[in-house]
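Heads up, the next two complexes both have chain A, just with different partners, chain B and then chain C.
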Partner chain A sequence: MISRRMMAVYGWLLLLPAISLMAVFTHWPTLTTFYHSLFTTGTVIRSSSFAGLGNYERLLQDPVFMKVMGNTLIFVFGTVPLSIALALIMALWANERLPGKGLLRLAYFTPTILPMIAVANIWLFFYTPEIGLLDQILTSLGGSGHNWLGDPSTVLWCLMATTVWKEAGFFMIFYLAALQNMSPELREAAMLEGTSRWMYFRRVLFPLLMPTTLFVLINSVLNAFKLVDHIFILTKGGPDNASNLLLYYIYQNAFSFFDTNYAATLTVVMLLLLAVVAVLQFGLLDRRIHYR
Partner chain B sequence: MFGRFKAFCLAVVLVFAGVAAAQAQTTLTMYYPVAVGGPLTKIVDSMVADFEKQNSDIDVEAIYAGNYNDARIKALAALRSGKPAQLSVMFSIDVYDLIEQDAIVPFEEVISEKDRDWLDSFYPALMDNGKTLGKTWGIPFQRSTIVMYYNKDAFRRAGLDPEKPPRTWEEMAEMGKKLTTGNRWGLMIPSTGYPYWMFGALCKQNGQVLMGDNGKKTYFADPRVVEALEFWRDLSGEYGAMPSGTIEWGTLRKNFLEGKTAIMWHSTGNLSAVKNKADFDFGVAMLPKKIQRGTPTGGGNFYIFKNTSKEERKAALRLIKFMTSPKRSAQWSIKTGYIGISPAAYKTKALRDYLAEFPPAAVARDQLKYATAEFSTFQTGRVRKLLDDAIQSALTGEESPQEALSKAQKRADQLLRPYR
Partner chain C sequence: MKKVQAMHILDGAGAWLLAVLWIAPLLYAFWAAFHPPEFAVNFSLLAPLSLENFVLAWEQAPFARYFLNTFVLVTMILSAQLVLCTLAAYAFARFEFPGREVMFYVVLLQLMVVPEVLIVENYNTLAELHLIDTILGIGLPYMASAFGIFLLRQSFKTVPRELEDAARVEGCGLWGVLFRVYVPVARPTYLAYCLVSISYHWNNFLWPLVVTNSVETRPLTVGLAIFGAPESGVDWSVLSAGTLLAVAPLLLAFFLFQRQFMQSFLHTGVK
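Our next item is the complex of A and B:
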């Protein structure tokens, strides 16, 4: 009995460093963020006052917030499935016995190594009208150029393309690792049965990859909310908020407008969104996944 | 590891130096931003070093703090942490934010009676942003205006006189049309990054400023303001002289240098870069007029922080006087392309010689007569974004200028009402 209790104490002691770090850097800031979202932003001249849910009401009346939420949803639903699909295809391709396989893997992984700010600076000159790579290719093919980042109907898609390009290589690594752990007997058995390659992929390979897919899915959704570095370089959220995303809007409120409490309110919304996504993913998908 | 050790040694030395200095000297910390990057930090550092040589009782720590926004965030963060700077160069349009944070003192509280003349020695247009609520809060340092850069070779090819850049809106639109060919646009006015700045020029040219009443009022829905935005939009649609959609601030200079646009509106701060990189004959001209000529000023001012001792304020004032003296201002202007901030600076031999050798550098100064303050109000970040969004939404054809500007005016009123 005593030894069991000792074991429990021992266990908690082992957990203590991690728990205290989490508490100081994650849980406590989360609570204070929520607390701050209930107050108005004060200045030296005008002090902060309790606003209750006033900041949340303000959210609902803020047209920019509505637009930003719409953009964020499009961004998430656009980039996540595409980067996962691309990652899977690239991994299947890079897993084949090909000459120059190492080079191929390196090429796929390169975008992941580059810092996002550098990537954005490169892509800025791809998208720039007239002198940009994209326009030069288009005009040399006889087409006409387009003001990619200056047109509200294309700007968000441009940001998404950059993000997919950056992210897919990273997720490919996980798929590649999973594929290399796959036992070759499965494939041989399927071949003996005369299964087509597509059937083998759909019925055997893909279900066995599901744990990886869940992991990648969670990461890519989180990243889609977190990745805003390129907005600083490419568009600053413009034109007219057409490419403004939630996290960038939080930054603008906190550091351009110094409205820290409204920024805290927006942060609470973001945390709630992420919590809902996480619960959905673990709750719904986890049960249907086959772990070995 | 070695780097860290070196840094540690340096820190130790600095601490001891600081302790030693504190006994007899006033130590000043100053943040300054650089908006155009590169060797400008070296120029500031060398000017500060010169000042220290001449004033052995003052020790200045000049800290490069990134762009204007970073400088403001760092200075305000230092203020809150209780280890504030004594003075800083910050964006001239930050003045209302700084006043509202109770961060700065007006110069009237720092200077003595006989310094009054000094306050009047600068170009009045450059004092506009720093003067509000009856006081002077900022002294001009790195200041610019918008000018028109044009490609003389393109003018010749289009059969236009390269010595006659457009003087009016109509001329600019007509010439822009003529200059537009299959692979070159006639004109580009940037509309990302600082759309409100370019728009301030168009409005002033149409005889209307954008804000007033000590930063508590905006005039977005004024008919002349709406007309200015209509003209900007029509430059691409009706006249076909400019690409549609927004035009990127960051890549515009490259567009001009590669001959993809014959005319661009840009900051004078780009003059040295264009001069060094253009492989064609280019000219610099004042912006055209509708009713009158006009441009907003731009750039950074010196501010003195409130949380300072009497000695520190005096020392800060001496530093500011040194940095803004005609000789230093001339030196600064030649090396960067920023404007010399006082008429006296243009009387120095150095700057006179430079203008004789490179006349385009005089355009910005001559244009100062027509200049107005850069857009700045209380809640300036938010109000400015309303204006930026309205401009972009009109230029991309999402809303009409009238709709977009009326909406922005309504929201600006909501934000500014508590201050009136």
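Our next item is the complex of A and C:
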């Protein structure tokens, strides 16, 4: 038999490869992000110097940052409820005894499997002014064309529509799994009682699906902060930053403007946002999800 | 009863309307890719089918090389993940050591702070390691995966102690127990994890974009983004063909193994 002490040593040795890689690419960089946010970016003429909270003051005075934060919040809190609502509807339908149920599920889920870059390529066709599909449909209905991605008032909504299209089917599978675990007697009982469908949904299904909803909610919010791939194809953040989101702005600062320390400061904001969601997750989810 | 039937028909109609709406963008891409450019926005049943767009796309960009890069990348990440995550999960599931609980939370932190968020610092680290513009460089931050460790640990924990003891009596050492008892039990989890990992890294874009700057290292997604850039002047039909080329292997795998894919993606909801 192996002694307790040897077991402890083996345990650590088994963990070591994974944990050291993780330390190098997750934990250490998280710490250095905070550290680097306290310095100015060095240039050829002037080397990097300690700036205290200078970068953070700059954040508050940066109109682009303010706009980016506004966009990010609209993007996250616009796409998430819409995707979840659609996901729920899809799941309810995909769970019914409808003809071609398998095909329905397939249609709803397929966008999930595509890379965001490919999705953006496809959607670019729809938004292109005049020759794009959206404008073609509009003009054939007697409307007039519109530069969807060139207009600051519509561009963010276009990004959001594309995102909802890609994400809803993914969230659907969580609802579908939850629905399939529900006992069929519930519905039969409600039917016998003569409960209307809407009442059955509101009073029985929806409350029972609450743990799934909360769970999907947290995960989709976490996810939404990181969805920027389509910006590279559709808008590059424009026009006039109307579709710029936080992670894309970080990318721009680091790799287009070469202002890495400001990018680090922006990353701190991102990390704090994720931390807030994480705290909510522990507070909200862990307490309320376990009643089943 | 009539009312119920009417509702049922209405349900079916709604469900199918949404399904058609949902799949339409993809169908449109197929339409554009398989027809000559003059039919890209002209839907005529008489439009001739053609593979010309695929030929053009294949000639205009080094797709073969991109395919190879993505294949190497995905294989490399997955094999490293399987080894590292198996070892770590084994440690968490069956070894008692001081700091185990704390380390588990330390690992789980990565579920939140994914490598994409840390592109700035990780790029610097990679530069110091002289790994910029290498496929290894794209893969490194993903090899130790908190998600994989978590899933496998959950699965390993379901193994009854008696099974392990029996294997010990039969003369299995620590490695024997891992490979004869734990790994076989966790087979469905491994399958789910593989599918999720493959589709994630096949589709991943931001980090590979940051790290690569040559044809020899670029994965498909980055290649596709360059191919589709307005500067490159390709038309819709060719772009559609290129896009479909890039997604074809994964899409095909998905159509063949739908059930497994959906089951696997369900696991991404780590609880």
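By definition in this document, the second predicted complex is superposed on the first by the 255 of 292 C-alpha atoms of A that agree within 3 Å, B and C clash if a C-alpha of one lies under 4 Å from a C-alpha of the other, contacts with A are read in each partner's own complex, and residues count from 1 in each chain.
Just so it is clear, contacts are C-beta pairs under 8 Å (C-beta built on N, C-alpha and C of every residue); 3 or more make two chains touch, one makes a residue touch a chain.
These numbers come from a predicted model, not from an experiment.
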Which superposed partner A:Leu104 touches (first chain B, second chain C, both, neither)
second
Using the superposition on chain A described above, determine whether A:Phe34 touches chain B (first), chain C (second), both, or neither.
neither
May I ask you to decide whether A:Phe215 touches chain B, chain C, both, or neither, giving the answer as first, second, both or neither?
second
Output check: A:Tyr200 vs chain B and chain C. Expected answer is one of first, second, both, neither. What do you get?
neither
With both complexes overlaid on chain A, does A:Leu124 touch chain B (first), chain C (second), both or neither?
both
Tell me which partner A:Met90 touches in the superposition: chain B (first), chain C (second), both or neither.
second
Between chain B and chain C, whom does A:Phe255 touch in the aligned arrangement: first, second, both, or neither?
both
Does chain A have more residues touched by chain B or by chain C?
C
Residue overlap on chain A between the chain B contact set and the chain C contact set?
124-125, 131, 233, 255
Partner chain A, residues of chain B touching it in the complex:
69, 73, 76, 97, 100-103, 183, 185, 191-193, 243-248, 250-251, 254-255, 258, 260-261, 379, 381-382, 385, 388-390, 392-393, 395-396, 398
How about chain A: which of its residues touch chain C in the complex?
2, 4, 7-12, 14-15, 17-19, 21-22, 24-30, 32-33, 36, 89-90, 93-94, 96, 98-100, 102-119, 121-126, 131, 133, 136, 165, 169-170, 173-174, 177, 197, 215-216, 219, 222, 226, 228-229, 232-233, 247, 250-251, 254-255, 260, 263-264, 267, 270-271, 274-275, 277-278, 289
Residue ranges of chain C in contact with chain A within the complex
7-8, 11-12, 14-16, 18-20, 22-23, 25-26, 28-29, 32, 41, 83-85, 87-88, 90-92, 95-98, 100, 103, 106-107, 109-110, 112-125, 140-141, 143-144, 146, 149, 174, 199, 202-206, 209-210, 220-221, 224-225, 228, 236, 239-240, 242-243, 246-247, 250-251, 254-255, 258, 261-262, 265-266, 269, 271
State the interface residues of chain A toward chain B in the complex, per the touch definition above.
43-46, 64, 124-125, 128-131, 139, 147, 149-152, 233, 235-236, 238-242, 252, 255-259
